[in-house]
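The letters A, B, C and D name the chains in turn, as written, and every chain counts its residues from 1.
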Amino acid sequence: MQSILEQVGIGNYIILSALLFCIGAFGILYRRNAIIMFMSIEIMLNAVNLLLVAFSTYHQDASGQVFVFFTMAVAAAEVAVGLAILVSIYRNIGNIDIDNLKNLKG
Amino acid sequence: MNTTSLIVLLFAPLIGFLINVFFGRKMSKNLSGVVGTASVLLSFVITLLLFFSVKQPITLHLSEWFSIGKLAVNFDFVFDQLSILWLLFVTGIGTLIHIYSISYMHDDENMYKFFAYLNLFIFFMITLVAGSNLLIMFIGWEGVGLCSYLLIGFWYKNQDYNDAAKKAFIMNRIGDLGFLIGIFILGFATNTLEFSGIQQAIDVDGVVSTSGWYSIAAFCLFVGACGKSAQLPLYTWLPDAMAGPTPVSALIHAATMVTAGIFMITRMNFLFDIAPIVQNIIAVVGVTTALVAASIGLVQNDIKKVLAYSTVSQLGLMFLALGLGAYQVAVFHVITHAFFKACLFLGSGSVIHALHGEQDMRKMGGLRGSMKITYITFLIATLAIAGLPPFAGFWSKDEILLTAFHENKVLWVLATIASIMTAFYMFRLLYLTFFNEFRGTEEQKKHLHESPSLITFPLIVLAVLSALGGLISLPFGNSWLNHYLMPIFAHKEHAEHHLGATEYGLMAFAVLGALIGIGIAYNLYMKKKEVPTSDEVQGLHKVLSNKYYIDEIYMAIIVTPIYGLASFSKNFIEKYISKSVFGLGNVVSVLSIQGKKVQNGNVGFYLFAFVFSISAFLIYLFLIR
Amino acid sequence: MNTLIAIVGLGVFCLVAEIFNFRKAIIPVSVIALLALFGLTITDNLPQVAGDYSNMIEETSFSKTFSSLFILLTALLLVLSNNVYKNTSKISDFISIKIFMLSGAIAMVSFNNMAMFFLGIEVLSIALYVLAGSHRLDIRSNEAGMKYFLMGSFASGILLFGIAMLYGATGTFDVPTLYDASISANTEYWFYIGVILITIGMLFKIAAVPFHFWAPDVYEGAPLIVTAFMSTFAKVVAMAAFFKLITILNSYMAYSYEIVILVISILSMTIGNIMALRQNSVKRILAFSGISHAGFLLMTLLNIGAAANNLLYYSASYALAGVAAFSVLIYVCKNEDDDKIDNFNGLAKRNPLMAVIMSLALLSMAGIPILSGFFAKLFLLNQVISAGFLVLAIVAIVNSMISVYYYFRVILAMYTKDSVKQEVEHGSEFYIVGIVAAVLLIVLGLFPDTILHLI
Amino acid sequence: MNISIVLILLLAGAAFTFFAGNKFASKIALLVSVASFVFTLYALNLYLNGADLSCKSIWIQNPKIYFSLAVDGLSLAMLLLTTGLLPLIILSGWVTKFENEKAIYSLVLFMAFAMAGTFLAADGLLYYVFWELALIPIYFIALLWGNGSLEERKNAILKFFIYTFGGSLFMLVAFVYLYQKAGSLEIESLYALALTETEKTWLFLAFFLAYAIKIPLIPFHTWQANTYSKAPAIGTMLLSGIMLKMGLYSVLRWQLPITDTAAKEFMPYILGVSIAGVIYGAVLTLRQKNLKKLLAYSSLSHVGLIAAGLYSLTIEGFQGAVLQMLSHGLVIVGLFFVSEIIFNRWNTYTISEMGGIRSQATKFASFFMILVLASVAMPTTFNFVGEFTILYSLYNVNIGFAIVAGTTIILGAFYMLRMYQQTMLGETNTKVFADVTIVEGLVLLVIVVLVFFFGLYPKPIIELITPSLQNILNQIN
């Protein structure tokens, strides 16, 4: 049976994940709400996950999929830390707008 | 003569100097004077012995000094006719002036220093005269300049005197640079600085390169002589140098040091003989100096200034003789001049001493009565310098005029005018000082007195010498001096003049000229009893009173521009260099401050820069490359 | 691998010790254990059997020497921590996080598989995010944590994308295979995109211009001891890992890639130095100085075959100078609100020894002989010139010249300004660390050969 | 024995002085300096008897760097200058009461160590290390014990540091480049190296930048006057007496032999610059109000002449330059000490506030006069031999150079005598000026005696330095 990958073509997967990645990047660039910026980072990481899985299938090699698990775990840990920081920021200044964080400069 | 005595001759004054420097303060004033005098006297005695015993030049090798490249310089001295002759009157007159100074400087708290410096001067003068190579001569040359500096500024509390001392030193240094360059040229061309070596080298290839480097060297040496012997354009220090105590003026600035230039040129006669162009320059410079200085001397009112200008003028005449190749004539005039000029200076010192430091002739007068010995000696010396026979000055000056007449009539005319002027201003001096009424204060008048015998003794000796000095080289053939100096000169064609009608006529003319000068002076200052006024003078007189404005001109064209350059350098160039170097630092600093604005604390901006840079790299690496 | 296991074990021990109330013992035990490990690691010369640890870890002289350096740095910084966390209740958290961070660092230089590398770098980064924000009540610390986190995870994403590209091009995460692919002619161009993206990720980690913006802000906001970790330890780790990655992925550098590195190196040195000139916060000065040192470190990539030892030497001397400087800085700013340069005023009178240590550290960073910083720069220059980049060498020395100005500002403050403060004793840890680091700086300078042939 | 003993002695002396405490520091420092001088003399004796005093061992394997000290007449002469001046400089410090004496004396000894090392090093990198190392102690000496307002001093000295440090970094690049070519930085291998003309040109310029700043030649001199006037006397003496000789020595030892053709090519220009410096420095002194600044500019003028001697590329020029380095070292130290004595009495360096000292302090005035005379190169002083030789060598190159450079004897006399007149002469000052103390007198006496001794008998020094200078000249040609 022809796999879904062969039907769609690896190139399209790459383009898709690149687009997803760019959407994430633009999200980070254009949104000022920290939560949404976290989500954008998640989108970027998931774009990579998608890419890894696609390549994994393409190469008929399981290690790519294993790597995805690592990535997901790491992303989870990252977001946990990020949210923790965000909470303490909220406690200190009462909002989570990233533009308020300009104490350190110069 | 054995080496020991030569060494004693050389170093006795130095030892006198050292004793006075280190122990002078503890010794009594008289003792330091005696030590100083004795050390010079010792040299004089040995010189006398030398004079009578030496027929062949003696060389004395003390030690090596240094050698660079191919050039080796040693502490070598040579005692030949020329140096012995010079030593004789240097140490002789030196002794007299030391004796004179014991009394003259007796009231000065720093008398021991005075004798120390005088001794040091004699030492350097001996070095200058006896050195057997150019560099040893240069030691003496600079050394006497130093002593001159120290002695002009002896009363160092007066800054004007210090200025004069400094001026003397620097003017001399200008000449010294010329001297040095001359040394370089000769050293490089001949690989030796020994006089004998240079002479040999010139004998070998002198004819081939008559002009060229040897001429330039000769010119450079002449520049050195100009500085030391106060010739145009470097003479202005000498009148100022009268700031020093009068014995100094007599010894250094009349009798000995200022003749060093003549000594040097005489020493190097073999070099100047092959550089006729330079000889012409020397003659012209000499006669011009004689005229200029004499004309300034006409209107000076300071007794020592008059004598100073007369010295410059007489030196000019000597240079004229040198320029004409008549070295022995120049030497003759040096010697007679040393006698009468020392006598004049010491006499003026005696006058000044009596008047407690007054030097302005307008405030003198009538001293004939109270200062008999001073007056008589002064009169003899004045007659000598004015060129009246049979006094020494007549014979030597006449020989110069004679030589000039034979070589170049224009020079002769100018030189004659200068001597007429000399006769005039010297008698002006004499009349103003010793004749008519006393014009000073009553206080001074009460204290007028003849000077003590320590002062009058040298005056008498010098007056006798001024009167009889001409005997050493009478023009009637068989001149002892010419004969004595014969071995020194390479070219002997100027040896003697045959006395014919022309010569006797010239002599008569010279005497007549002198009498004219004296007559005018008599007319003005004895008959009309004029006293120069301090009021504003006009026209030529004003120019002369202001010494042709030469000091002012030097100030305007040399000193002021240098100071201007200094200010310009300090305020502009230095700052500009500094700014341009550290301006870079400021630019960086400004960049740093501006850069802080980029680091604005905004994460959004940081991320934007991040993404932008990624894009830039990717575009560069994958599209542009 | 044994080192790695032991270190993770040590981290677990710290956590457990807290439970059993051995708080006082945590730091001494950790430091002693780390020193022991340092000795073991550096002397370990057992040959590695192929296929060990499923090819996830390789033990080369490179990894061993750098691991030893990291362990030593951690040990020194932990000694400093002893004083800092004296009155904190959760001491084990801080210490164990640092020790885990060390494990991440060691993974970053001894990986044999990209997964291992990725795990290492994330362990290091996440630990640093936590530490940077660890002054919960201080908004500046929070801000630092947030900024670092946002930009760090963004960079991680890019790095990860690069790894995915490598995987896409080769179908493996295995380092030897990747190396083979990098030198083979018919590798897909995704591979190179991957390499570039990884490069960018690593440039971010070492804070090279233009990916440096986070560094000054985060350094300034983070607690001092954390800044010390970031500016010395983390930077050196990232650079070593970067070096290793490039040796694997791009050892036959294309000219255009070299140009990129060259430009970044020049920019980092220049901008870092220029920006440092007018800073008042010592932490920011050190941050910008770190940026410029990153530029110097990047030079090693231009002659990658021969530069490993130089990298080690430079890293060691830079990190040790940093440790010495931070030991004084923490000492000086212990009871202060900020870390302005003014706090150093009159230190030479108050405490000459500390002033001397600080001076030595700064002079070393400025590259004055006989301190090791000079030789570090010298070896780099030598290597850069032998690779033919004379321009880079000249830019480097011009930068050394500029850097003198701001290093000397601190020295001037210590020696010429009058102090308003009274001296208080803060504990001996600072002296121990400062002296050890300073002596090491001098010893390394006098005898560069000691560590110059380890790799 | 090998020559490293002197270095070890100085270094250990620095440490020992520091730990001896403030009470004994000055005495121990003096002792160490005298001992080092004695050792240098002993080494000189051995050297003259043909002993090999050099020492060499490998320092760094890769890049290949040796710890290599070589001894020849030139380096011994410079070492003698260093260790000979050191006791005088330290003794002159006794006059001043320093805060924290142990630190300053140990820094002085350390600096002497570095400078002595610079003169002895025979490996490029070792030389460079010593060269830079000398900068740190003088920086701190000037900074911590200097005079004038702290703010100005700080800036002036930092300027000096960055300037000289920056210049020498270019030399470092040159050395690294040479290492690439030669595979070693040993002086013999560098001498043996065959380089292209272009390479030599660039290397020459890199070296020149370092040395022109250190010496200093115009227009790289802007750090000098300020630093000299801000530094304490002891530091100024170290700077002017020894440290600037490092630059001159290096020209001779490193720059000229390695970049021979470029040296010949650039010779006229650099002679021009040096001689311009002679006049420029002299002219600038005329507008200085500060005695130390005046001396600094006079120093600028003198070193310009020395540099001209070096770049004349003749044996006479080399000899003269080395002689003048030694004599200038002696005399400038004496002059700065004189200014310090005045400063100690009256707390001023401003010339207009001085005057009328001679009548109060005869001995002091005499010493000062002799130093002034030596500085203007009176014959029979050491300076005359050097200056004469340099001018002679310049004449060999071009009579124009000799004449222009020779104006130094006029201008020098002008500004030095003017300075003497303004500071010492005139009506007795209302402020009391005590004559020299025993220590002061001793220092000045030693300097004066040496100035005259070597002025009359420079032969031993000339014989010491000439063979090595001839070697260098042969290397250039």
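Keep in mind that, in the parts below, a residue touches a chain if its C-beta (ideal position, glycine included) is under 8 Å from a C-beta of that chain, and two chains touch if they have at least 3 such contacts.
By chain, UniProt protein names: A = NADH-quinone oxidoreductase subunit K; B = NADH-quinone oxidoreductase subunit L; C = NADH-quinone oxidoreductase subunit N; D = NADH-quinone oxidoreductase subunit M.
The structure presented is a predicted model; accordingly, all values stated were derived computationally and were not measured.
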Interface with more contacting C-beta pairs, comparing A-B to B-C: B-C
Core chain by centroid distance, with centroids computed from Cα atoms only: D
Maximum centroid distance from subunit D, chain identifier (CA atoms): A
Centroid distance [mean C-alpha coordinates] between subunit D and subunit A, Å: 66
Computed distance of Cα centres, subunit B from subunit A, in Å: 98
Computed distance of Cα centres, subunit C from subunit B, in Å: 78
Computed distance of Cα centres, subunit C from subunit A, in Å: 27
Shared interface positions of subunit B, touching two or more other chains: 585, 596, 599, 601, 603, 607
Junction residues of subunit C - those touching two or more other chains: 146-147, 150, 154, 216-217, 405
Where subunit D touches two or more other chains, by residue: 162
Every chain pair meeting the contact rule: A-B, A-C, B-C, B-D, C-D
Contact set on subunit C toward subunit D in their complex: 363, 368-370, 374-375, 378-379, 381-382, 385-386, 390, 393-394, 397-398, 400-401, 404-405, 408, 412, 415-416, 448-449, 452-453
Footprint of subunit D on subunit B - complex, ascending: 21, 25, 63-69, 71, 75, 135, 138-139, 141-143, 146, 149, 153, 156-157, 159, 162-163, 166, 169-170, 173-174, 176-177, 180-181, 184-185, 187-188, 562-563, 565-567, 569-570, 573-574, 577-578, 581-582, 585
Sites on subunit D touched by subunit B in the complex: 159, 162-163, 218-220, 222, 280, 283-288, 314-316, 319-320, 356, 358-359, 362, 366, 373, 378-380, 385, 388-389, 391-393, 395-396, 399, 402-403, 406-407, 409-410, 413-414, 417-418, 421, 424-428, 456-459, 462
For the subunit A and subunit B complex, residues of the former touching the latter: 25, 28-29, 32, 98-99, 101-106
Residues of subunit A defined as touching subunit C within the complex: 10, 14, 17, 21, 24-25, 28, 34, 37, 41, 44-45, 47-48, 51-52, 55-56, 58-59, 61, 63-64, 66-67, 70-71, 74, 77-78, 81-82, 84-86, 88-89, 92-93, 98, 101, 103-106
